[in-house]
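The data blocks that follow each hold one structure.
Here chain A shows up in two complexes: once beside chain B, once beside chain C.
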Partner chain A sequence: MKTLILISHPNLEESSSQQFLVQSLPESTEITVHYLEGAYPDGQIDIKKEQELLKQHDRILFQFPFYWYSSPPLLKHWQDEVLEEHFAFGYRGNKLRGKEFGLILVIGVGEKEYQTGGQEGYSISELTKPFQAMANKTGMTYLKPLSIFQFPYMTEEEKMQLLIQYQQWLMIDRPDSLKAREQWLIQELENTDQQLIEADSSAFILDEAIEMIEDNRLELDELRMHIDNDHQ
Partner chain B sequence: MEDKQWMLAQLTDLFHKSRDYKQKALLMAAKELIEEQEKRKEQLQGELDGTLWNPGNWNG
Partner chain C sequence: MKTLILISHPNLEESSSQQFLVQSLPESTEITVHYLEGAYPDGQIDIKKEQELLKQHDRILFQFPFYWYSSPPLLKHWQDEVLEEHFAFGYRGNKLRGKEFGLILVIGVGEKEYQTGGQEGYSISELTKPFQAMANKTGMTYLKPLSIFQFPYMTEEEKMQLLIQYQQWLMIDRPDSLKAREQWLIQELENTDQQLIEADSSAFILDEAIEMIEDNRLELDELRMHIDNDHQ
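Take a look at the complex of A and B:
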């Protein structure tokens, strides 16, 4: 699966959250990062080039700070220019059909405020309806968004969890599934550079950890099988 | 259960001995995943026990 991340931010260099995400990117040839303000400082978008980029990827992600319940202006401009009729919709406009679309939102206000009675009053699902409609109109499957609330207040532990969640969001078919995350984690543990750990036993422990995750999976599948059998 | 505790302690040790931020995050995620699997096992075991004790199944 090839993933395209379109980042839009008026000043990427000075955003600690965006810098954290960029640093968190997994080393994978399957992921393309495209920073719009960097590519088009004058706002003149190369429409054909952008459309080619879209065609080459299976999962399209918009990553941006959630400003006034929407994206920074260049990303909106990008949508207006690139997602044109006969490409994204309308007669023979099927180039995005069957792809996946998702949002990676960096949000300044706390999560609990995005609900009825909260300070913001509306949920993220309600406020992102135009993006859902865009995915719907262009025939893309809308993924659950990855919403990052109040990044500066996150603890170190929460930031590490975010790093992993972000990587999984970019690389896994169904990042919510425990089984999919197990497979991903095993692969990452197998590939991690043991030289970076100052312990002689690191190889042994990592192998044991992988074995434990695999054994647990077998037990989980077996339990599930017994439960399903009982319901027959 | 003891195996799990031993493994979590070993992963914590590697976490402290790793010199790489991304690797530390990965080791922490491994610990959390093992905990999550353990919790899921308990839930499924509970569901299985509940099913066995379900009077609806007694005549089966």
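Take a look at the complex of A and C:
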């Protein structure tokens, strides 16, 4: 699973949320970060190079600030230039088919305003329809977006949770499923260097965590089986 | 009623539909046409000038090709730069409040594809939610969009109808109401220079057309009155 993150931001250096995300990126050959305004300061996009990059990855993510309910201008320009007919859609335009597509949105207004009666009046699902339609037209699977609301007001704990969510988003299969998130956590816990944990009790806690998650999964699977049988 | 048309297109000269629309624009002090890519070839937008222009008009229209279900990059850049806090929204940001806002969309795919099960999968109403949300946030009244589907496949008659619709859109109050469209047509017919019509019978036809439209309106008003009475 190779992931391509296309970051678009008119002023990346001055965005604390974008800096937080970028600095937390794990070093991995599975992840390619591509900052559009940095790569194309004059807006002249290398179409062939971008199309090659897309072909080399299985998951395409757009990461940007959600100004006026849409992407920054350069990302729209990238869409208009790179997602050509016969490449992304139309006759023989199947180069993106079967890939995953997702949005990582940094949003200045609180989550509860994004509903009927709220200050913004529309939900994120409604406002991102143009991207859903793009995924639809190009044959990509649309992932549940990672929406980051009001980053500056987040507590340290919330930021740590965001970091875990973000890394999961980049690295695991179908990041929006509970099962996948559990598997990722177990893997991370198993990989934790036991030498780094000083007390025996800490190692014990790690084992416990792993066991607990596995138990939960078994119980959930059993419950699901019962429900399925009842409905036959 | 002063109307501002913001046209955005990466290549206006080569677009037959945009050329058709632009060339049909009536000369009127009530209409201002502002072609963004022409005014700002380097993308450096004069924010204060744009804000002054907005303040001087009652109806703001965005006219653009609907690539990837959204506006061209420069129009998005214009939104991000010009629609500032304290101008368009937020504390004292009431400069657009009460104005009308509308979209004139040139669309390459057929109308019937813009529905569930169609090739595009989503309706124009769904895909334009970001613009509806913009109108909502800035306190503007959102007009029914003028969507022009597959211009190159239109017959001459369809193009003439489009031209009338377009001119109505620019010049009359609430262009989406039947009553307003009728009034505009009557006014245009009355203003038609009788000298230009050679045969007497043609003048008679014009009178007939005016009478017919007025009769229709009377009948519709009566019908509405009956319905209203029935529901009391």
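Here is the rule we go by: the second predicted complex is superposed on the first by the 186 of 232 C-alpha atoms of A that agree within 3 Å, B and C clash if a C-alpha of one lies under 4 Å from a C-alpha of the other, contacts with A are read in each partner's own complex, and residues count from 1 in each chain.
Methods note: a contact is a pair of C-beta atoms (placed from the backbone, for glycine too) under 8 Å apart; a residue touches a chain by one contact, two chains touch by 3 or more.
Predicted model, so just to flag it, every value in this text is computed and none were measured.
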Which partner does A:L127 contact after superposing on A: first (chain B), second (chain C), both, neither?
-> second
Give one of first, second, both or neither to describe whether A:R217 is in contact with chain B, with chain C, with both, or with none.
-> first
Once the structures are superposed on A, label A:E13 by its partner contacts, choosing first (chain B), second (chain C), both or neither.
-> neither
If you count the residues of chain A that each partner touches, which comes out higher, chain B or chain C?
-> B
Would you check which partner chain A:D42 touches, where first means chain B only, second means chain C only, and both and neither mean what they say?
-> neither
Could you tell me if A:K76 is touching chain B, chain C, both of them or neither one (first, second, both, neither)?
-> second
Which chain A residues contact chain B in one complex and chain C in the other?
-> none
Within the complex, chain A is touched by chain C residues 10, 43, 67-74, 76-77, 79-80, 83, 119-122, 126-127, 129-130, 132-134, 136-137
Quick one: which bits of chain B touch chain A in the complex? Just the residue numbers, please.
-> 3-4, 7, 10-11, 13-14, 17-26, 28-30, 32-34, 36-38, 40-41, 44-45, 47-48, 51-52, 57
Contact footprint of chain B on chain A as seen in their complex = 24, 157, 160-161, 163-164, 178, 181-182, 185, 188-189, 192-193, 196-199, 201-202, 205-206, 208-209, 212-213, 216-217, 219-220, 223-224, 226-227, 230-231
